[in-house]
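Structure in structure tokens, see below.
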Amino acid sequence: PRSRLGAPQVGLLPSGPRDHITDVAGVSLGHCTLDAGPVQTGTTVLLPQPGDLFMHKLPAGVAVINGFGKSAGLMQVQELGTLESPIALTSTFGVGTAFNALVRDAIAQVPQLARSLPTVNPLALECNDGWLNDAQALALQEAHVQHALALARQGGAGLPGLQEGSVGAGRGMSCHGLKGGVGSASRCVRWQGQGYTLGALVLANQGRPGALVVDGRRVVIAPPAGGPATERGSIIILLATDAPLDARQLTRVARRAAAGLARTGSDYGHGSGDIALAFSTALRIPQQPTAPMPAVALLHEAALDLLFQAAAEATEQAILHALFAATPVTGRDGHRRLTLREAAPELFA
Amino acid sequence: PRSRLGAPQVGLLPSGPRDHITDVAGVSLGHCTLDAGPVQTGTTVLLPQPGDLFMHKLPAGVAVINGFGKSAGLMQVQELGTLESPIALTSTFGVGTAFNALVRDAIAQVPQLARSLPTVNPLALECNDGWLNDAQALALQEAHVQHALALARQGGAGLPGLQEGSVGAGRGMSCHGLKGGVGSASRCVRWQGQGYTLGALVLANQGRPGALVVDGRRVVIAPPAGGPATERGSIIILLATDAPLDARQLTRVARRAAAGLARTGSDYGHGSGDIALAFSTALRIPQQPTAPMPAVALLHEAALDLLFQAAAEATEQAILHALFAATPVTGRDGHRRLTLREAAPELFA
Amino acid sequence: PRSRLGAPQVGLLPSGPRDHITDVAGVSLGHCTLDAGPVQTGTTVLLPQPGDLFMHKLPAGVAVINGFGKSAGLMQVQELGTLESPIALTSTFGVGTAFNALVRDAIAQVPQLARSLPTVNPLALECNDGWLNDAQALALQEAHVQHALALARQGGAGLPGLQEGSVGAGRGMSCHGLKGGVGSASRCVRWQGQGYTLGALVLANQGRPGALVVDGRRVVIAPPAGGPATERGSIIILLATDAPLDARQLTRVARRAAAGLARTGSDYGHGSGDIALAFSTALRIPQQPTAPMPAVALLHEAALDLLFQAAAEATEQAILHALFAATPVTGRDGHRRLTLREAAPELFA
Amino acid sequence: PRSRLGAPQVGLLPSGPRDHITDVAGVSLGHCTLDAGPVQTGTTVLLPQPGDLFMHKLPAGVAVINGFGKSAGLMQVQELGTLESPIALTSTFGVGTAFNALVRDAIAQVPQLARSLPTVNPLALECNDGWLNDAQALALQEAHVQHALALARQGGAGLPGLQEGSVGAGRGMSCHGLKGGVGSASRCVRWQGQGYTLGALVLANQGRPGALVVDGRRVVIAPPAGGPATERGSIIILLATDAPLDARQLTRVARRAAAGLARTGSDYGHGSGDIALAFSTALRIPQQPTAPMPAVALLHEAALDLLFQAAAEATEQAILHALFAATPVTGRDGHRRLTLREAAPELFA
């Protein structure tokens, strides 16, 4: 069976209606793409839910599959188990600027930040797009992040976030020596008569040339002319679910992204910052101690097997979608990555 | 291409001469198998190196892929990065007895233990064989562990440790609803003109029925008549290498066992204690502060990509070997697991 | 101000009525002490709550302050965040026997263990009493653990668990070169009009001679005649609270035991296995997925500051109680530790 | 006995000649202080060693004592165990700008970054100075970081880095409701005839009003007029040593900063991001796999007890130095913190 974009449908669970992270209600995305000669980069902002994330946080967990990366904000999620900011994906050297943009946005939303309230924990996650993009230019500006964030806030309108491949933060990314980028997928599970959705969004920039596996089969492609032969790229994997889970359970879910990633041929290479973050939209944790804490029955731990499977399958599927959606990009010094379609047209037949 | 036992050869790296963890020089194994009606269990002891492990320890690292398990001794390895004891694999309820047996053996080897010297850290790692084995019988005796340990000490003689499948600790284990057990494999890499070997030994008891993947292809088998449908089994993965690595590097290597495991169809199920431990035979750390510390040049971190690949491939291969080697076992209450050969004879054609 | 036993009252929070972990309702203890010439050891069993812990678990968290130790069962608590077994404290080489005793007790309580139900996760935590006790004798028998457990089950009757010092697991323990052992304390906090209690039980066997600090003042004592001069002992710290906290929050609480420990003069020595485990009695997590999950409003994260303070203070106080309660013990090879009362009588004036 | 600045000399080990982190050869500091009405902030840059840190890295380890913080760069240190960048301390909302400044500096030093070489891992560590400083102004500019970095590069000349208290990143910091800031200290140990130095640099912004402990004695001060009553501040603790230790050992050393911190009255409050990072100057790890790896005999693990003690004592002493050196600062909205000298003049008598 085929999924979107001609990619094979992997795994055993059914996809959601769009096979996209936005199948989880309330999740929205915005991209800002920079395409200017040697500058081939951008940012993708995921808004986990509408409304005030700082005052009403979401439970979240992190899995550091391989910590060769510069992402900001993960430590506090690991300690407190909450998400209180939109998530900006970007190029490695864009982390500082994305941090600043998210801080300024948070101040605009919550004027008492760093005054009567604490500071905010911005999440700026990154991969290195330095092969196609002139990373030294530090081209990303705060306005780009604000633009992507504004699009995410507009949410469904035109669904700009449904774009995949060489858009937003995915613009300059490479994957297994091919053109990588942004991809998404979702899976549906049932537990005790109730349906739940789990969606994945990946920024796919990982993998050695020649190691790519599509649906269990290694894809033999001609080695790229130049470019690093080792994993130096990283992948960011965001998982959203509407199942009521707490931070510890979400941490366990996030770890299963590693299973899906492995099935696409990655060994979590030394130089690859492979990070997964999972959050639930089913409950909100108030910032203020005076607000009532939610009294929610979480899913029983035994239900996690289904969500683990969903996380692994959605991650694998989202990586395939990134590769199948990618369009050609020529960047700095004439660097170019073949798309999967160019390198292995037989997969699209 | 085919590996031993008719299993497919997975991955891209070459196997060692025996495709077995004993390809790493000095590693030896011994099994003790209990086969008595409802008692279908045993122990497998891995001796990481000959000689006194307590006074001259090996660097080691641990990856807790999923911590639903009762293994003893991992915490100290995580803190100190050293292995100072043989490793006993066994049934869950055998951990206490294996602990005692290893303590008594250590005292016999090092009479000043817990006197002028500290205590020893015995490693007793487990999976739950309660479907085939009457675990409540606590059948494992210290003498069984001593027997397996003595066989391991005899080392190469007859190479009893080369046995795989339903032997030793593998006797009562199940894997994806089929008969599991002990399996092993190895891979060879080259770095800067030097060859290194990495070997894996698995106690394979993991996986949901119907989720098994062999060489990228899902194996469709009839569901088992009874028995748990969820992952409740666990897998222990031991990785040995002769490459000079320290504990931090070995921890990174151990984490890559998760990639090989995922490729056999596991999502690291909720109820599955999935543990990997990696050690190096290339250097020894003295117990006594008066002994000189080794001044060894470790492998450069960039070399880890090769060892990561070897760890993932050897783990996947070792799981296949466990399944391909398994022989039928009938245990408590007439419980029986089909072997892979019975359930999917076409794989052996 | 003075606490029990003549010890100074440390910190700012008020103690509970008994200044003991049993101030947390439902927590009970039992000791079994072995006093036979060179055998000076024992076990202390903490029963976190009456009733079936396996079928209705308690949330729990672990802090590995220094992982030089052989305690069993911590990994699964870290993964699943639940306590499902009584906790046995004992000598290092008693871990295997305590594991076996707890397994057999759990089978007696839950006959379907390792059959239609999974296995149990016994908690056997240890310190090395090898200076006073002939650890090589492996004197602890399963019956001793059963005896202590039976006493704990009798609970309040005569309150045998209120004993401290050189009893139970504390029999052979040393602390800062003096006689150590079992100690306990409690602290009370108020949050949003509600009162909560946090209690600590320590097995105090840590600390360098000459480094002891009592209530902020270093205690100068004559160096012991023989015996190790470095931290080689370990401390186990159990924290119980009736505040509704989940596993992540309890992990944070457990980490604060390190603050109290530091204030008694410990640097968490290299050879000291310093472990803290915190659990809440306010909610139960069902083993069976068919049972309803609790829908409990947890305490707001901001309330943790109070419980952090309580954990630090109760830990410090419990260590002092262990030292102030200790009675003289002469053990193997005529080894003897001075009590604090003998070494620093001025503290008792 | 008294230390510098009139502070009590804490602990048992001797201080280095300056009782300052610069007692570790090659470590230098630079401050840039912003003092402009409501803008009371700044940055302090620590240069761990002269020369090219990216091409020749230092071993390093991290302890997240409490992860309520936004520091950037720690994840990669935890994974790879190396330090490859100067360390900028600053206000929370300055992290993005400090990240950018360090990236631009690294590009200037290593032109092939993000081209033929990977990207760099900048370390920007923070505390929240929002009580005195108008954090919403995001006043820190890249030029300020560059200025502090340039001063650090000048090293000994005039030793600007020896300043403590309300300078650099310490400008707007508070500690236990008093004026906090930058402080430093060092301790000397001997092992097997060889001397080693360990130095601490703290950015002290932690602690509840009324909880401060100086040399074992609680300091009773009038509660501050306004300002948060809970720990909301954080502390960054940098530890440098010339002892040959690897990343795992340095991680263990870093954890002992928690002991020193506890002795000043902190419980590692919920809202306090308490982070320690330790590095060794005794060996360099080459970026390039073609360069030879160091073959250095590390210190035996038993030597760590001395370095643990040094880490705990130097941290406690450095916090005292920050408090004893602090000068009055009036910031946004007329906020002012008393100095310790003002609040407890008897300590200075």
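Lettered A, B, C and D in written order, each chain numbered from 1.
By definition in this document, contacts are C-beta pairs under 8 Å (C-beta built on N, C-alpha and C of every residue); 3 or more make two chains touch, one makes a residue touch a chain.
The shown structure was predicted, so the numbers you read here are calculated from the model rather than taken from an experiment.
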* To do: Please indicate which chain is farthest from subunit A, where distance is taken between mean Cα coordinates of the chains.
  => C
* More contacting C-beta pairs: C-D or A-D? -> A-D
* Structure fact -> Separation of the C-alpha centres, subunit A versus subunit C, in whole Å, is 43
* Structure fact -> Chain centres from averaged Cα atoms put subunit A and subunit D apart, in whole Å, by 33
* **Rounded Å distance between subunit C and subunit D, as computed from the means of their C-alpha atoms** => 34
* Structure fact -> Flagged in subunit D as touching 2+ other chains are 66, 79-80, 252, 271, 301-302
* **Residue ranges of subunit A in contact with subunit D within the complex** => 64, 66-76, 78-80, 92-93, 95-100, 103-104, 107, 113-115, 118-119, 121-122, 128, 130, 135-136, 138, 232, 271, 273
* Report the residues of subunit B in contact with subunit A in the complex, numbered from low to high. => 12, 65-66, 208, 211, 213, 215-218, 230-231, 252, 255-256, 258-263, 266-271, 301-302, 304-305, 308-309, 311-312
* Structure fact -> As the complex stands, subunit B meets subunit D at residues 79-81, 192, 246-248, 252, 285-286, 289, 292-303
